[in-house]
Amino acid sequence: MNTRSIHEPIIRMINIEKHFGSVIALAGVSVDVYPGECHCLLGDNGAGKSTFIKTMSGVHKPTAGEIIFEGKPMHFDDPRDAISAGIATVHQHLAMIPLMSVSRNFFMGNEPLKKIGPLKFFDHDLANQVTMEEMRRMGINLRGPDQAVGTLSGGERQTVAIARAVHFGAKVLILDEPTSALGVRQTANVLATIDKVRKQDIAVVFITHNVRHALAVGDRFTVLNRGQTLGTAQRGQITPEELQDMMAGGQELVALEDSLGGTI
Amino acid sequence: MNTRSIHEPIIRMINIEKHFGSVIALAGVSVDVYPGECHCLLGDNGAGKSTFIKTMSGVHKPTAGEIIFEGKPMHFDDPRDAISAGIATVHQHLAMIPLMSVSRNFFMGNEPLKKIGPLKFFDHDLANQVTMEEMRRMGINLRGPDQAVGTLSGGERQTVAIARAVHFGAKVLILDEPTSALGVRQTANVLATIDKVRKQDIAVVFITHNVRHALAVGDRFTVLNRGQTLGTAQRGQITPEELQDMMAGGQELVALEDSLGGTI
Amino acid sequence: EGERYVLVSHAPDSDSWWNTIKNGIALAGEQMGVEVEYRNPPTGDIADMARIVEQAAASAPNGIITTLADYDVLKGPIMDAVASGVDVIIMNTGTPEQAREVGALMYVGQPEYDAGLAAGMRAKDDGVTSFLCVNHAIQQPTVGERCQGFADGLGVELGESMLDSGTDPAEIKNRVMAYLNANPDTDGILTLGPVSADPTILALEENGMAGDIYFGTFDLGDEIVKGIKSGVIQWGIDQQPFLQAYLPVVIMTNYHRYGVLPGNNINSGPGFVTADALEMVEKFAGEYR
Amino acid sequence: MSQTAQSQTVSDERVKEMSALRRALIRPELGGLVGTVAVFTFFLLFAFDSGMFSSQGVMNWSTVSAQFMIIAVGACLLMIAGEFDLSVGSMIGFSGMMIAILSVTLGWPVWLAIIVTFAMCIVIGALNGYIVIRTGLPSFIVTLAFLFILRGFTIYLPQTIERKTIISGVRDVAEGDWLAALFGGKILTGFFTWMGQAGLIETFERGTREGQPVVDGIPMLIVWAIILVIFGHILLTRTRFGNWIFASGGDAEAARNSGVPVSRVKILMFMFTAFCACVFATCQVMEFGSAGADRGLLKEFEAIIAVVIGGALLTGGYGSVIGAALGALIFGVVQQGLFFAGVESSLFRVFLGIILLFAVILNTYIRRLITGER
Amino acid sequence: MSQTAQSQTVSDERVKEMSALRRALIRPELGGLVGTVAVFTFFLLFAFDSGMFSSQGVMNWSTVSAQFMIIAVGACLLMIAGEFDLSVGSMIGFSGMMIAILSVTLGWPVWLAIIVTFAMCIVIGALNGYIVIRTGLPSFIVTLAFLFILRGFTIYLPQTIERKTIISGVRDVAEGDWLAALFGGKILTGFFTWMGQAGLIETFERGTREGQPVVDGIPMLIVWAIILVIFGHILLTRTRFGNWIFASGGDAEAARNSGVPVSRVKILMFMFTAFCACVFATCQVMEFGSAGADRGLLKEFEAIIAVVIGGALLTGGYGSVIGAALGALIFGVVQQGLFFAGVESSLFRVFLGIILLFAVILNTYIRRLITGER
């Protein structure tokens, strides 16, 4: 997968800065993402990972810096723009609405339409059918498409969000700590999905705090620290221990090494 | 640490059941916790871990079953009872109030009092001083004790919650997925804290989805599955792989093994 | 020249009857060359009104013209105002005796109960035996007195015949229709002002009782005048609010300028307006009538 | 994905199954339906011969309910979108007053007055929404401010312009106006006349209208109510925009992240609420021929109550227009029914409060069943 | 823990430091303080010689502000505890009416009537709270129901018992009652008489009270307001219970898990709000000697507005009693000041709405600075 770098990057983030009032969340971060790679974004709490991918998905407008998408400069005014350009995001804090049914959630913002005369209606039948099918493929057995998301477990919700992002044919799939609240089985599921998606030549940006999860599926690793990037490494060019030290903000966790036995 | 089992358990949960309307969250779970051990509670999403520790900390009343605390049957009517008995809990969804200051949060429910004549007042000076000191010991540098918790990062909040639980001299410290949203450094910090607390002969109940975190600090491991316990294992009696399979609800994650390289 | 007077009413902002009052003081102010301010409690809360009387007294005007909507509540503030050197005239509600008690110069108005009583006696003479009183301001005690007076005039119990109609016209209309439907033997209606009278007219037109049922109302307005003209309404009790506003200003100004004061109270009503001689009423209804 | 497919057919033994009937019944409107049935049963038993169910009686409570429905539809959609509007009542007063001032005082043609008023109301609605979105303040506060501001102007304007707070004569100037007829007219008058002649409905026995049918047509008010309910229901359940309304109210942040234009949805709903208030006011002005400064007092609460009785969630993201319409019907029937039944009229408020409490408790129970909320 | 101690002194280069002055200024009360200064400056400039700042004038707006304060303290603590109460206004009407009915109509001794009424109000407050806690319904809905229920009884009871909606004569029966004096009396009368004799304040010029000072004491209403504000402030900021109030409103679930008895706190705050409403009503009845069915209309909004102007967060967990008291002061001064300044009274609402909007926007800005909220 090292061959990826001879492709054109699908999205280039150049010197992105983001300030919130007196807080400087990003102080110039540059990252290129190639199609078909799983690009891991690592870093300490508050390093700016979520903020960074939010500028990528149109939630925040960068204070400074440039976004080049498929070779052309892009300005995302809101998440709709990014979504229609092909950037799908599963946000850290769940992007699901508990009171709504699974199928309404699945198609939220991308509702399928059916024309009746000059009018366009939400095509519930299609939506229900697609939802049931996609959920079944992800191994989730719904009572029905009108089951409320509030009745699903956290892991199931996460899976719905990922299935949704994949289904809408994203060119870039951004996952912000998708595994942090998941059990072992659900985690395996998500990692397998990432693997599958990557093989369809979709670019995946994967944020995690777990070195092992990153190493399991990542092709390249970018570490953020206090709003700045510590650089990008290719798979195989870096040992788990090095990665872990970088993730901890460059501070070595010597004292723990013994009792915890290696990477966390 | 295998010697623990000859002690008296500090808390015995016997055949705990908990039903929510038509949902059976716990179908008879028994667990003993000994002083000075770190007892890991593992299991899939929705296995009932949070529900189980909530019956232990007085949030839920068990539908059936018995709680023996220090040899005597106990009925916790609300969390206050459990707290005053010496059971401190850091809940999965943060138990901090963002709009309130760190020191008010720290002492929430345990406010130090100062007598002025016949009246009792909240002793702010003491609270502020203790808070600053405890936070400094945990490596968090506050702007001041009146800084709002809302201005702290997720990892910092988690640390405040743990520091609070430890400070109030708990005999049992319950941590519900304390590391799931934390960075590497913060995680190391939390694990080190658990280790330190355990050495003070406090019983720690530690919930996690991360096998490595569990193995790093755990003395005994109880796995829950669909509201039932799959049994308790001592450290050294079980391999990481076995543990992982049990956590995934007894289903082996064969296909992933290769690409993910071992335990997740 | 340039005396300053304050008129304090008990009516909520929305009560349209008080327009005539405002127009009356505006005209009197202009003619006499004095400044007259109108004040009222926004929600019609009489306790708030007491504060306004106190406030008016504190602003040291030459005189205060006020209603006596609740003698108990307003007695204190008015007496304080009088004692601090502000002359007071009572208008609209209250009685001449109460006006004397609080130390006011005089009383100009129509005692509510008496007006209701007079109306009730008139209706009794016209053969009415049972009635519906449409009260759009149930929370205001003073207007309710009219219903009580009317009942006493008729010589019947008030009982359930006072309807709490609310102020929404559609609800008033439909409640009146519902009441008449459920109590078909009702043969008289009393409304307490344009707010309740206008929709009641429509209700009667719609259920076909217009002109058939005995219908009297307090106060005047465009629709009421039309109703009197077309025979739907037998009479409107005109308490002549214009006079209640205009006269106190004129009297007070003359009293302050020349020391002259009428020797008696002035009853501005009740005057029954019927289909005869409606021309002037029609022209100025809601504005000066 | 093969390794996960194994869990495909695992049904959860920890959840008891619900019967099909029970599942079919459990809908947001259920509370409203149950309430409606209960209310009608009650009045059929206790006020049957009071005239409540004569054609005139039916028209009576239908009209009142239709009024509530018109504002309830707007309030319902807005509430589902996660906001609410306390300025509805003041807006009703304000728009009625504007129509009267423009047409009567300034002498504009009525259709122009109506159109300008609608435009003005919708702009004010948009302003409400814009302030809520921009400042992030709760809509309670922002619309409370507008409750006072609009009511203030409604009293102040006619007072300074006309020296009155009731402006009448709208009916006269509206005579023959095409747009006014859309709000103040009646339809099917021919049909009702025929029915009267055929003896199918009662006719007047005395008075000026002797021989005419007691109900001579369906007022446009009811037509508007039906149109708005149907429109709102279809919009909410059958369109993309409806999904956005749910999403915006359920979790604005999540919806925004998924590409739903939340700000636009919310502002549009504020505008729609203002539109409904304006329809209400226009119908009222055209029917009664006058506008008063006190029109619409407390209507904001009545709208919210109808919507809540109809099963919507005050905090947004859940509800149904049909439910709100049933809520309005319950409200109207109870209010008028108590008069027919001869209950002391000031007790109406007590009943209203109690019904409200019971309705929300029932609805909460139903909602928990549906959404699995805890 | 040694490995973590290294981060101990690392200051965050990503946050700009705030100056000490700025930090000292930024308090929840700041908005209220700024508003108070602005309002007084305004009226000192534009209404100085209108009598607003004469002793009588000062007493006038102080009394009105004190009234607002009494209900604002209750509303403030309740709002910080995360709930609010729309039934305050109806509660005022209801409790006044109860005192009047018990003492005048039924002839009970006044002290007994007052005590029974207080007990009744507090029970109703507890009921409000209990329903909110038990059903999990929003307090908006529950207290809206009680708004109607209590107002209904306030109209119905005197109507059926006495056939009027106003009951007078309380002052006569309260003559010499020890408890009534606590609500309707005045203090420091001797001091004011002395001031009058010494020519420090104006005296009456004629009538029965000639020579007496125009202001002859501090009414108990103001004393109650001051006591309640001090009590509320100390309770909130200096006691354990105060911390619980903040916690319950900030996040009830988190607070409950930490051992805060949230239900108890909330129910107690509903009771305290009812108590404040009852104090208001009792002072009013004792001062004016009568109770009317229209007392307290819209007071719930006025209380909420004062609290919000004073910087509290509608959604709970944040606010200050001093702020609420300042909000009440602003409200009272503006309301009476506009009269003194001779502004057309219907414009008062417009001003109120605009002040409310500006105040909350300012307060939101301040709060974000303090809490780092996003």
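Observations
Labels A, B, C, D and E are assigned to the chains in the order they are written; within every chain, residues are numbered from 1.
Definition applied: contacts are C-beta pairs under 8 Å (C-beta built on N, C-alpha and C of every residue); 3 or more make two chains touch, one makes a residue touch a chain.
Each chain and its UniProt protein: A, B = Monosaccharide ABC transporter ATP-binding protein, CUT2 family; D, E = Xylose transport system permease protein XylH.
Source: prediction; values computed, not measured.
Two chain pairs, C-D and A-D, are compared here, and C-D has more C-beta pairs in contact (counted per touch definition above). Averaging Cα atoms per chain gives one point for each, and the point farthest from that of chain E is the centre of A. One finds 72 Å separating the Cα centroids of chain B and chain C. Taking each chain's centre as the mean of its C-alpha atoms, chain C lies 34 Å from chain E.
Centroid to centroid, with C-alpha atoms defining each point, chain A and chain B lie 29 Å apart.
Each of the following residues of chain D touches two or more other chains: 3, 6-7, 151, 155, 159, 344, 346, 348. Residue positions 185, 188, 192, 251, 253, 255-256 of chain B each touch two or more of the other chains. In chain C, the residues touching two or more other chains are 13, 138, 164. Chain contact summary for the complex, chain D toward chain A: residues 1, 3-11, 234, 237-240, 242-244, 246-247, 250-251, 253-261, 313, 317-318, 370-373. The touching residues of chain A, when paired with chain B in their complex, are 43-47, 153-156, 177, 180-188, 191-192, 195, 209-213, 215-217, 244, 247-249, 251, 253, 255-256, 259-264. Considering their complex, residues 12-16, 18-19, 22-23, 26, 138, 160, 163-165, 167-171, 173-175, 177-179, 181-184, 194-195, 198-199, 202, 205, 207-212, 221-223, 286-287 of chain C touch chain D. Note for the complex: chain E touches chain D at residues 131, 135-138, 140-142, 144-149, 151-153, 155-156, 159-160, 301, 304-305, 308, 314-315, 344, 346-354, 356-357, 360-361, 364. Touching chain E in their complex are the following residues of chain B: 57, 59, 78-80, 82-84, 89, 91, 93-100, 104, 107-111, 113, 120-122, 124, 136-139, 141, 147-148, 150-151, 185, 188-189, 192-193, 196.
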